[in-house]
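Next, two complexes with chain A in common: one pairs it with chain B, the other with chain C.
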Partner chain A sequence: MKRIYAREEWCLGCHLCEYNCAFANSGLDTMTKLKGIKINPRIQVEENDGIFYAVSCRHCEEPLCVKGCITGALSIKDGVIHINKEKCVGCFTCILSCPYGCIMPAETGVIQKCELCQTNSKGSPACVSGCPNRAIVFEEG
Partner chain B sequence: MGINYVYPDYEVIRNIDRCIACRVCERQCANEVHHYDKELGKMTADESKCVNCHRCVSLCPTRALKIVKTDHTFKPNANWTGETINEVYRQAGTGGVLLSSMGNPKNYPIYWDKILINASQVTNPPIDPLREPMETRTFLGKKPLDIKRNADGCFDTNLPPQLELSVPIMFSAMSLGSISYNAHKSLAVAAEKLGIFYNTGEGGLHEDFYQYGKNTIVQIASGRFGVHKGYLNTGAAFEIKMGQGAKPGIGGHLPGTKIVGDISRTRMIPEGADAISPAPHHDIYSIEDLRQLVFSLKEATDYKKPVIVKIAAVHNVAAIASGIARSGADIISIDGYRGGTGAAPTRIRDSVGIPIELALASVDERLRQEGIRGNVSIVVGGSIRNSADIVKAIALGADAVYIGTSALLALGCHLCRSCHDGKCNWGIATQRPDLVKRLNPEIGAERLVNLVHAWEHEIKEMLGGMGINSIEALKGNRLMLRGIGLNQKELEILGIKHAGE
Partner chain C sequence: MKSFKYVIIGNSAAGIGCAEGIRQIDKKGTIAIISDEKHHTYSRPLISYLLEGKTDLQRMKYRPDNFYKQHNIVLISGEKAVSINKESKTIKLEKGEEIKYEKLLAALGSSPFIPPMDGLEQVKSKFTFMKLDDAINLDKELSKDKKVLIVGAGLIGLKCAEGIYKKSGKITIIDLANRILPSILDEDGSVIIQKHIESKGIHFILNDSVSRFESNSAFLKSGNIIEFDILVIAVGVRPNVSLIKNAGGKINKGIWTNEKCETSLPDIYSAGDCTESFDITCDKERILALLPNAYMQGECAGINMAGGQKLYDKAIPMNAIGFFGLHLITAGSYEGNFFVKSDKSNYKKLFFKDDLLKGYIMIGDVNRGGIYTRIIREKIPLSTLDFELIKERPQLMAFELNERKKMLANISERSV
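And now, the complex of A and B:
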């Protein structure tokens, strides 16, 4: 299946992916409306000592988050791990178990994670289409 | 401040309603123009550092930025313009030579824009390139003057070495050092995909790029940086660089700060040492001397590769070209005064040399008159901006063109003309690793391939319109051109009629 891959070699650490992610999942009609909002993106640029790369859900084949979910809120559909916010009780077991730190609390009290922009209006990953240097790609692994 | 103060040329206009303070502009500006002020909770800009490269503008996700030329003014004066006055201030303050980058930006005539192309009507039908074959392939090199037969009566098909181009376009010489590793790689990959050639410039050939050798022209300049047997044997052709359009008559100087790591190894000089290319080749003071170098290169490579001699377009270009055509060289490349550079003294760049259109027309005419046009192919560069310029150049007598600035634009260059600062925000004219990585050669090569394909389509359309189905049939076909707004002398030099004639 197609997954998001980060290419450290080309990542500039510009953080545009974080803003594109936050906008894609905000439901807002223009990015300008993010003004004054502290964004909480599902993708995050790790950086240290001049090295950058963007980390988002790996959509693991044997995901620890799904195994650990106590309510069945996390499920795999066609390889993509989705979150059902109706079922989530916010126990944060998934956050503790994700080895990549790619699940985080959402403003709504439950958790959020990358769903490859399949559940928002973008349809395909906004971080990938907005990356200026092809440092994030969406391709068959 | 005080007497040395020069008001910044550009102003950064930020639409505060749109700015979301994502700080992309701050992270992307190597000139450190943008800054997030924590106390104010908003972005600020120091426009005195802005070079107007548009990196921030291009990456701003909310289109909150634009750069405008300042309207701060001296008392208007057609003779003493603000630019002229500021240059005097700068020189009075520093005592230094003014440096500039890229091509001559002054308001001289652009002859390409005063030449119009013909089209067929009624009596000689145009050709539709989408329906009928159209040949853009061309060969560069010495052409035999007559047909010879072998003892068995068959044609002698042994030609002097030729370069085969799928389209009459090559990427100009830009050295590794003046441009980045990723820029070089983009050019190399694109040249291979397109079936054309790129040129190493005078900085040698990085070991990673030997694999693109069959699409590489290796340059031998006055500094002889990076020239060795392996280098010569790897390239498809050699170019002896006698001059450069942006700075005819002077050499080059790549500062020691740029001679780091790979650049130092490729140039075969110590790290931190300035790379100084002398103004002349110290072993070439005559056509006879040039001939010796041409033949030493041929001898070293079994006469299998063509030799190009590159000169800047200067006043006596036709006579010089005539000498070169007799020196044994296979191809003459002429660089017009609008040709680009990574750094040149401003006065030289803006005041020395002549337009490529006039140089090309007079060289082609002179070589024809002397019956030696077949001795050499002619390649021209120095501001070929689009496919129409190429069609006009070929009709004026060129065999192919070199594109440098256009290629850099395809790679992201925004012509801020600050290459000499070494802080290119687009990852082209810089050696800073964090900036070099901004140019992903995958994207760069794709964009170069797109550009040349687009131009190829347009060239075919224009050829078809003229009722011509091959580049070869357009070469030197000046009847396909007419001048507009040119005086008698200009028309005479260009060898074309005025529109309406």
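And now, the complex of A and C:
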């Protein structure tokens, strides 16, 4: 299955992926409307001492988030882990469970996670297509 | 006599995990799930959210409507299993019917513990809070002019209080312990959560207990008297072990199982609240009556029942819960040295010993806490991490480069 991979040797730490992610999932028509909004992206750049890389859901083959989900809101379809925001009650068991820290609270009180842009209008990962240095790739693993 | 390759007693997380585990290996073998509740599989911890209005009967289904059909499972609901005959490999149901199995999962759950309290039989409006029917029945009684007394300031009692908050009158919670949630929080954490809940107008009475009831009055050990209209008993739960015990299976604190989730009886497995687990953070057998553990035990049992290989060998206590918008997540055991980081609205405490992270508490900001959970579960030596970095904030940066690449890079395309 194709997954998002980070190549930290190429990451500039520009945080564009975070903006592209937030925009892709915002439903807004232009990115300029993000100005002034504190974004809450599903991908996060970690940085320390000159090292940068982007972290997003690994779509684990044995996902602890799905196994532990108390509502059944997290499920796997064709290897991709999806969140049903109607079912989620925001208990954050998945945040407790995710070994990579890739599930986060959404503004609505439930959770959000990377769904590889399959459920928004982009159709394929916006973080990857917008990365200026190919530091995030979408490839067969 | 009806006969199935796999029979699962229990239609909640462990039972469903078992069915899904079986179907990972065996797509065809017949499966029956027996449940004494007449409901489609639903999430027990959601009953407080149901009363609160954050979910409904449809959305709280643990699996989609077509689940049983999709996995070719026969659901025998509203039927209670009353005995297991391990020689003939049959289960007897309450109405007399017998069902034959080749492999059996006993996901028997737990039951509310009701301590002996004088005069309890005089209390007309009394409830426990565990199953969907408990919540539905309690909901029918609730109104803004009715005072509610909850006995027990643990997870169930407090979630119940939150669930009924907007629908009931004054809520009082009483507990014998001197603080709330003692099983999952340290003293400082208990105070933070207690203050937050109290700020909503819920009243706590700690270090005290009910010595007797007289209709709508609770007479406390301290001499105080509490008037109430509705009583909820949420003192704790006890594992349902009798089916396995009566069949001759080994019982300690709960049903004993090995790492494959097998009981001491041939071809009988067990999972969920009725079992005890080996807690790797304190090297002790404990009852970890928690939904994620129940699912993982059930799945492990199912895979093994179907001839696959799986071990359930990383059990740790873990809780994610929130009260009135304040979230907390906790995991592991609270032993050894500790590190505390707190400010006005957040509290974090890490416990470490022998080069291992043993447990943690995060209140308020719970972001990325799962990274700590992983370090506990996988017993990752702290000396291989940048502990100073990760103490401040959970992050993958604290792992060595090679570890980070295994987690994040496409290692099939280049060496690490």
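Heads up, the rule we're going with is that the second predicted complex is superposed on the first by the 141 of 141 C-alpha atoms of A that agree within 3 Å, B and C clash if a C-alpha of one lies under 4 Å from a C-alpha of the other, contacts with A are read in each partner's own complex, and residues count from 1 in each chain.
As a convention for this text, a residue touches a chain if its C-beta (ideal position, glycine included) is under 8 Å from a C-beta of that chain, and two chains touch if they have at least 3 such contacts.
All values reported here derive from a predicted model rather than from experimental measurement.
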Field: Fit or clash between chain C and chain B when superposed on chain A
entry: fit
Message: Between chain B and chain C, whom does A:Leu12 touch in the aligned arrangement: first, second, both, or neither?
response: first
Message: As a test of reading the superposition: which chain, chain B or chain C, is in touch with more residues of chain A?
response: C
- line: When the two complexes are superposed, chain B comes to within a least CA distance of chain C, in Å, of 14
Message: If we count contacts the way the header does, which residues on chain A are in touch with chain B in the complex?
response: 9-10, 12-16, 19-20, 23, 30-32, 34-37, 50, 130, 132-135
- prompt: Hey, which residues of chain A end up touching chain C in the complex?
  reply: 3, 5-8, 46-48, 51, 53, 55, 58, 64, 67-68, 70-72, 86-87, 89-101, 103-105, 137, 139-141
Field: chain A partner contacts - residues on chain B that touch it in the complex
entry: 17-24, 27-28, 58-59, 61-62, 64, 433-434, 437-438, 440, 442-443
Message: Can you tell me which positions in chain C touch chain A when the two form their complex?
response: 13, 17, 43, 45-46, 49, 54-55, 59-64, 291-292, 295-296, 299, 318-322, 327, 329, 331, 366-371, 373-374, 378, 389, 394-397, 404-405, 407-410, 412-413
